[in-house]
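A short worksheet on the structure shown next.
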Amino acid sequence: MKQLITEEERKTAFKFPKKEDAIERQRLPVRYHVEDFDVENRPRRFLEAFAAILKHTNYRFVLDHYVKVSAKCSRCAVACQVYQATGDNEDIPCYRSELLLSVYRRHFTMSGMLRGRIFGDPGLTDQHVQEMADSLWNCTACRRCYFECPVGIDHGMITHLGRYILSEIGIAPRALVVSTREQLIGKTQNTSAIPVPALLDSLEFLSEEMEEEKGINIPFPIDQEGAEYLFIPAVSDFLMEADTLMGNAAVFKATGGSWTIGTGYFDGINYGLFYSDHVLEKVVQKIEAEAKRLNAKKILIGECGHASRSAYFFYPTFCGGKNALPVINCMEYAFQALKEGRLKLNPDIVTERVTYHDPCNISRPGWIVEQPREILKAFCKNFVEMTPNRRDNICCGGGGGTVSIDEIRPYRTTVGGRAKAEQIRATGAKYCVAPCANCKKQLRELVEDNDIDCEIVGLHDLLYKAIIFDKEKEPGVTKQDNSSNNEEEI
Amino acid sequence: MKAILTDTTKCIGCRECVIACKTRYKLDNSIPRRWSAEDGLTARNWTSIIERPDSKYVRKQCRHCIEPACVSACPVNALQKNKDGAVVYDSSKCMGCRYCMMACPYGIPRYDWDRQVPYVRKCILCAEYISDGKQPACTEVCPTEATIFGERDELIAEAHRRIKANPGKYINRVWGEHEVGGSQVLYISDIDLSFLTYGQPLGDKPLPDRTASAMHAVPYAFVGMGSLMAGIGWVIGRRMKNEEGGKDKPEGEENE
Amino acid sequence: MNRVRNFKLILWMIIGLGAAVATARFMFGLGAVTNLSDRVPWGLWIGFDVMSGVALASGGFVLTATVYIFKLDRFHSIVRPAILTALLGYIAVAVGLLFDLGLPWNIWHMMIYWNLHSPLFEVGWCVMLYLTVLLLEFFPVPAEKYGFLSKIRGFLTKLRLPLVIAGIALSTLHQSSLGSLFLIMPYNVHPLWYSPIMPVTFFISAIGLGLMMVTFESLFTGWLYRREQEVDLLERLGAAARWVFLLYLAIRLGDLAVRDQLGHLSGGEWQVKMFWFELVIVAIIPTVLLFIRAVRRSAAGLMTVAITGVTGIVLNRINVGGLVHINRGETLYLPAWTEIVITLAVIAGAALVFLFMAERFKVWEIQPVDPDADPIKMPEFHPVDSSWLGKPEIVARTKYSLGFIIAAAVGFALLSGEPLESRGVDPVPAQQARGGDTLWIDGNLDGYGVEFLHVRHWYRSGSGESCVECHHMNLPLDRNSGCYHCHSDMYLPADAFRHDWHSSPTGGKLACHECHQKGVVRAVESAKKCDECHNDLIPSEASIEVEQYMAVSYADAMHHLCIDCHTKEAVPRENPDLPRCTTCHKGQRDIIDATVLDSDRRNLTGKRTLLPPIHQE
Amino acid sequence: MHAWIEFGSGPLFRLCFALMLLGLARIVVLTIIGMVEAYLRNDDKIINWRELIGKTVSWLFPIAKLLKKRPVYSLVSFLFHIGLILTPLFLAAHLLLWEKSIGFAWFAIPQSLADYLTLIVIVCGLTLFLMRALYGPARAISRKQDYIWPLLLVIPFLTGYMCVNGRISPATYQWMMLIHIFSGNLITVMIPFTKIAHCVLTPLSQLVTGIGWKFPRGAGDKVIETLGYKDRPTWVEQPRLGLEKVTTVEKEAAEK
């Protein structure tokens, strides 16, 4: 009965329609997650998973509402950068939502019941499931269309739900599933599979490097109980974005904040946000467990859009509502420090033109929009905005987890990110600040593939360069600990 | 006790009394209802002239019984008999059960069927006017003195005097003298007035007496039934306990 | 559970229909939705909702007596549903009464204004007290589910015996007092029903009805939920009920004999037939059937008996409550559909609450369980249309609300607009026969009027365009108003000019100065005349002048129309009698030559126009 | 013909109108019940009211958004909605019908304005239809009913305009009125059951989305349990990284 999806089947099944006037799009070579799942009865299993999810979650009333109000006005088409690039009907947000809404309408409402009875509508077909599978993973889940919908339909949520259902029947990108599996039940407990000793080594190395560069000891506190902030960056920062991490440490050093990195769990990445509420919940709860273990007061998320969003918006949801610990982003922290004058920046270091890319996940809800700009304006003389910007920005093209699927890099850089590439090119900036692990990766590939002369950096990379340490005011604790180092420097 | 005596032989059917009544109580116009065709009384027509064959006219109005069924029936005392004997209506007490309309042997009280806030309406013998020593509107305006107002005893005497004085003209009966305990609106006539009670001959026994016996039994029934049940329950319970003997399993509470 | 769901859907639809009617009842008054009249002030709502409702709920006191006084513990399993039925029955009575009372917000007056002579007062008090007793008796059942109520529950359980005794005593009082209500109407209630021992017969029939109602309720819910039916228990109830019915039969017939009213039975009136029909289904059929053992032991047999018995006693209550009253005059009362709908809706509401309670709390020994409510159960798609509408509560919410609104909308559509205000009003005869041959002009519909040979007048006044000589304008924007819309009373003048309407923005939108000249006191006399604006309202040939804002009274209008013309015509026709009253008022209508009007009268009667019977002395 | 018009504007209209009102009330109530249920099931009770209300208002009065993207389309659809709402509700002729049936009415817009609005609705409706038919993305997402609706909405306006301005009418007044009434009724009754329901649901959309984004805790586990995938990792038993403190914390949690 059980049968794996064979390579052959996938090749024949996954085809994208071609449009003459649009960019010729390759077939997305997404490797779907293959578990021991029955591929025979996909419609039935899809419906069962759908029903089970409707039964236990809150999506039912949302869908009920959406199927009633959807007016099919096609305004969202102008908002979607993927559609603008491909011209493919499948990429119109409303079209994509309708794929799922039509299933809901047919199988879960009175009108669908009547349609089944009177017209003998056979209902969901395997082809339709396949169409959903193809379409839903194309979306970058940037939710720009939500702002364009006059009746207030959040296509992002429908995509979110659709992916959840598909993942329940085993249709989810392998890259996402593999990494979350490592994160949740693997040995290393993080998506990049960094073992703790390696982490400690690299932190020590970074600490030393900072001492060399800045001439001051900037420690990475590990497993300190009772610290005010539990720092949870995207795990890729530890490997690839050392500058960002150093910037974070430097800001804490300069502001004298009490923080720590937990070795029990230190990964902010939450791919559950992209494909499964179940995983989302479990990952968020891991953060909670670590915060409890270290008795932290607040949770501080590093420079990462979806990590911030999944923690900020879902921590109260999954970890005890009102009693949940407050979650803040490191940029909020830096901004607060800057406002209070605890953070001093040298305005003469970064003289090149700088622009700022809003990661969708934190800017779209209006959460972190002005803070990084204020920080940048404080020390970058040549700061320019992209158009459009702020809450109305354009996605980097790697959102919704697509960035971690290496197979589709050409698609991401030529289709998904085309609009973004044009934007960046238009600004003519040397530095593009993208305070998000996903955006950074995607944008780097984007500028590389599109030959744009622009360096993609994190906000804290620049902060690290510009920060001025107030040495007299250095807290006594660190002084004593590292007294020898300090003396040498002086 | 005041009364009205109507001599149908003198009535010319001019309806001055109807208009006077409506004017005095500012009764507005009513949509004619099918059933009001029978006697012309409506919630806004408290008195009416019924035309009988051979140009006979009979005025219909509330009879103001000496022991009124409606007053006895009203559960909230909205209908009361005042010191002059007028049966008056207190709309602020009424709850609209219409038991009075059912109880009246003459079928007098009328209802505001077409209003959201309906009241029971009928002739109130111009109660506030006669307590000031004035006359009811109808008797005041009657051009032929067919309907006159006065003390009940005097009017009864007058009625009998007229009947005696004109033998053969009147039917030898004063309507309202004895029926259901007597009423304060009296008629003498040369035609049979039984159509005012839909052909039913009324006895002399006041209607409230008929329920009184049942009502008097109420406390006894309550106490009697209560103690009977308590007694039976006690006896049976005791017998069952005896039968069960040693087994002391508490009954009742455990089951429920 | 599908059967239950469909049943509930039907109940919700009935309630929807009822909601529409209830809106009309409170917006437009009792007259709009009932066929009640001054001659028939009590109708179905009293006869069924209140009188039968109270009687139907008597199962409560009968069974509590059986179980707690006579200690017949085997009936214990049906005492809870019986108490719940009684409780809901009494609440339904109260709700039904709220519709029937003209001033329902004054219902509490019964508590503060005491009239100890009124049987209705006593009934009211007993119902209120018994309702309280029933609430206290039933309270332990829902309280089982909530731990924090356990103390009150324990206290009430201890108090049960006194409560039961008080309940029985109160029931005895008001079940019989419902009979006492009619003691005051010896001249109204038909002698076959009126009897001084009505309180006793009411009480006995209530006991029988209580037993039958418990049987019916148990069998019906058993069918509904596919429960095991307690036929063995019900058989015993039936065995008891046969003696009650036999006693009832004996008392009814014996009473007739004692009061020497047996002679009425030989009459051919419909009331006699009704009496026999009632007695047969209320007593004879159930008694006979219940004496047959096989019937008592089969669910179908018991159901038949229960239905006949219940119907019979309900019929008895309706009969006594208004149907067989003999002082109705010519007015015949049949309940309007709206009345029936309200009655059904009240019952449907009670049934829904019953089912809700039964599903929620332990009313029966075995609480019915909905298999779909299991939280972890895999949703089942319907095999035919492969749809799944959600969890049971969501399905219920969706379907029932849909049924409710559709039924309510149908109700609003059926409640016709104009007759709402004018139920019981006939079209004015003069209008009805316009263009006909002979009119019977009868403004106040009292049956006394004037014969009018229409064709002759039309011919005399020149035929052709002459209609406007007499027929004047209708109301603006009005198609076929009856005469009474302006001439609304026979004798008093009425307002023809709608000042509000003329000044309202939706109507004439006229500013004050457009009719009232500036600097002049604003009064009727100084205002513009109607025909200055409405110049096309009356054709120029008309003999009527529109100057007045007050329409004259109907009688005056008619007289004005006729006398003017007759006076003018008197000279050329050399007929001095023409303008005299007696020319038209030839006496009353029985004096008019019957043959002249015969055909027309028949036509008119066919058109719902009521013509009074010819009075003959 | 006259009888049909009477029927259409009488019982049929009452049926359709009642269905519309009750149906709209029903979906609003059902949505609110769903919302409250979801809200109670969630742990996260924080709702950003300012944001939600701000977004709702900005779409209900989309002045600022009008000129951003697709300005022509936005303007046409805005005008279409204005006319669609104002004209049926505030036309004097309709108000007279209201006054006749329910006894009161409200202020009317001038007839000339109503005429202009009607023309605007007709033109905008046709434009919207054409835009849908000619614009690629719109065509891609349109269902049959999406094409039918703008045309259907235009019909009563067109016929209504022809009734008022009889000279341009191709058929008699009666026919136009008949079509006007029946198409109006059809639209009225379909409002709560089709996408036109957005007329009452749109103000709730942002709140629905806001609450929808908060998920109930533990739902994922229940879904897995319901689906019964035995071989599915439930993420429940997770081996922890070998630091001592982690395991102790877990043990404590397990003991609790």
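The chains carry the letters A, B, C and D, assigned in the order they are written, with residues numbered from 1 in each.
Throughout what follows, a residue touches a chain if its C-beta (ideal position, glycine included) is under 8 Å from a C-beta of that chain, and two chains touch if they have at least 3 such contacts.
None of the values given here were measured: they were computed from a predicted structure.
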Exercise. Treat touching chains as neighbours and tell me the shortest step distance from chain B to chain C.
Key: 1
Quiz prompt | Middle chain, criterion being Cα centroid separation | solution = D
Exercise. Between A-D and C-D, flag the pair that has more C-beta pairs in contact.
Key: A-D
Quiz item: When the C-alpha atoms of chain B and chain D are each averaged to a single point, how far apart are the two points in Å?
Solution: 60
Quiz item: Taking each chain's centre as its mean C-alpha position, how far apart are chain A and chain B in Å?
Solution: 86
Self-check item: Between chain A and chain D, centroid-to-centroid distance (C-alpha), Å
Solution: 33
Quiz prompt | Centroid distance [mean C-alpha coordinates] between chain D and chain C, Å | solution = 40
Quiz item: For chain C, what residues touch not just one other chain but two or more?
Solution: 378-379, 398, 402
Quiz item: Residues of chain B that touch two or more other chains: which are they?
Solution: none
Practice problem: Two or more other chains in contact with one residue: find those residues in chain A. | Solution: 48, 52, 55, 60
Quiz prompt | Chains touching one another, given as label pairs in label order | solution = A-C, A-D, B-C, C-D
Self-check item: Residues of chain D defined as touching chain A within the complex
Solution: 27, 30-31, 34-35, 37-38, 41-46, 51, 55-56, 59, 62, 69-70, 73, 77, 132, 135-138, 140-143, 146, 193, 195, 197-198, 201-202, 204-206, 208-209, 211-224, 226-227, 231-233, 235, 238-241, 243, 245-246, 249-250, 253
Exercise. Going by the contact rule at the top, pick out the chain C residues touching chain A in the complex.
Key: 378-379, 381-382, 384-391, 394, 398-399, 402
Quiz prompt | Residues of chain A defined as touching chain D within the complex | solution = 35-36, 48-49, 52-53, 55-62, 64-65, 68-75, 77-79, 83, 87, 89, 92, 94-95, 98, 111, 146, 148, 150-154, 157, 168, 181, 184-185, 187-189, 196, 223, 263-265, 276-282, 289, 292-293, 313-314, 316-322, 365-366
Quiz item: Tell me, which parts of chain D touch chain C in their complex?
Solution: 10-12, 14-19, 22-23, 25-26, 29-30, 33, 92, 95-96, 99, 101, 105-108, 222, 225-228
Quiz item: Hey, which residues of chain A end up touching chain C in the complex?
Solution: 47-48, 51-52, 54-55, 60, 106-110, 112-117, 123
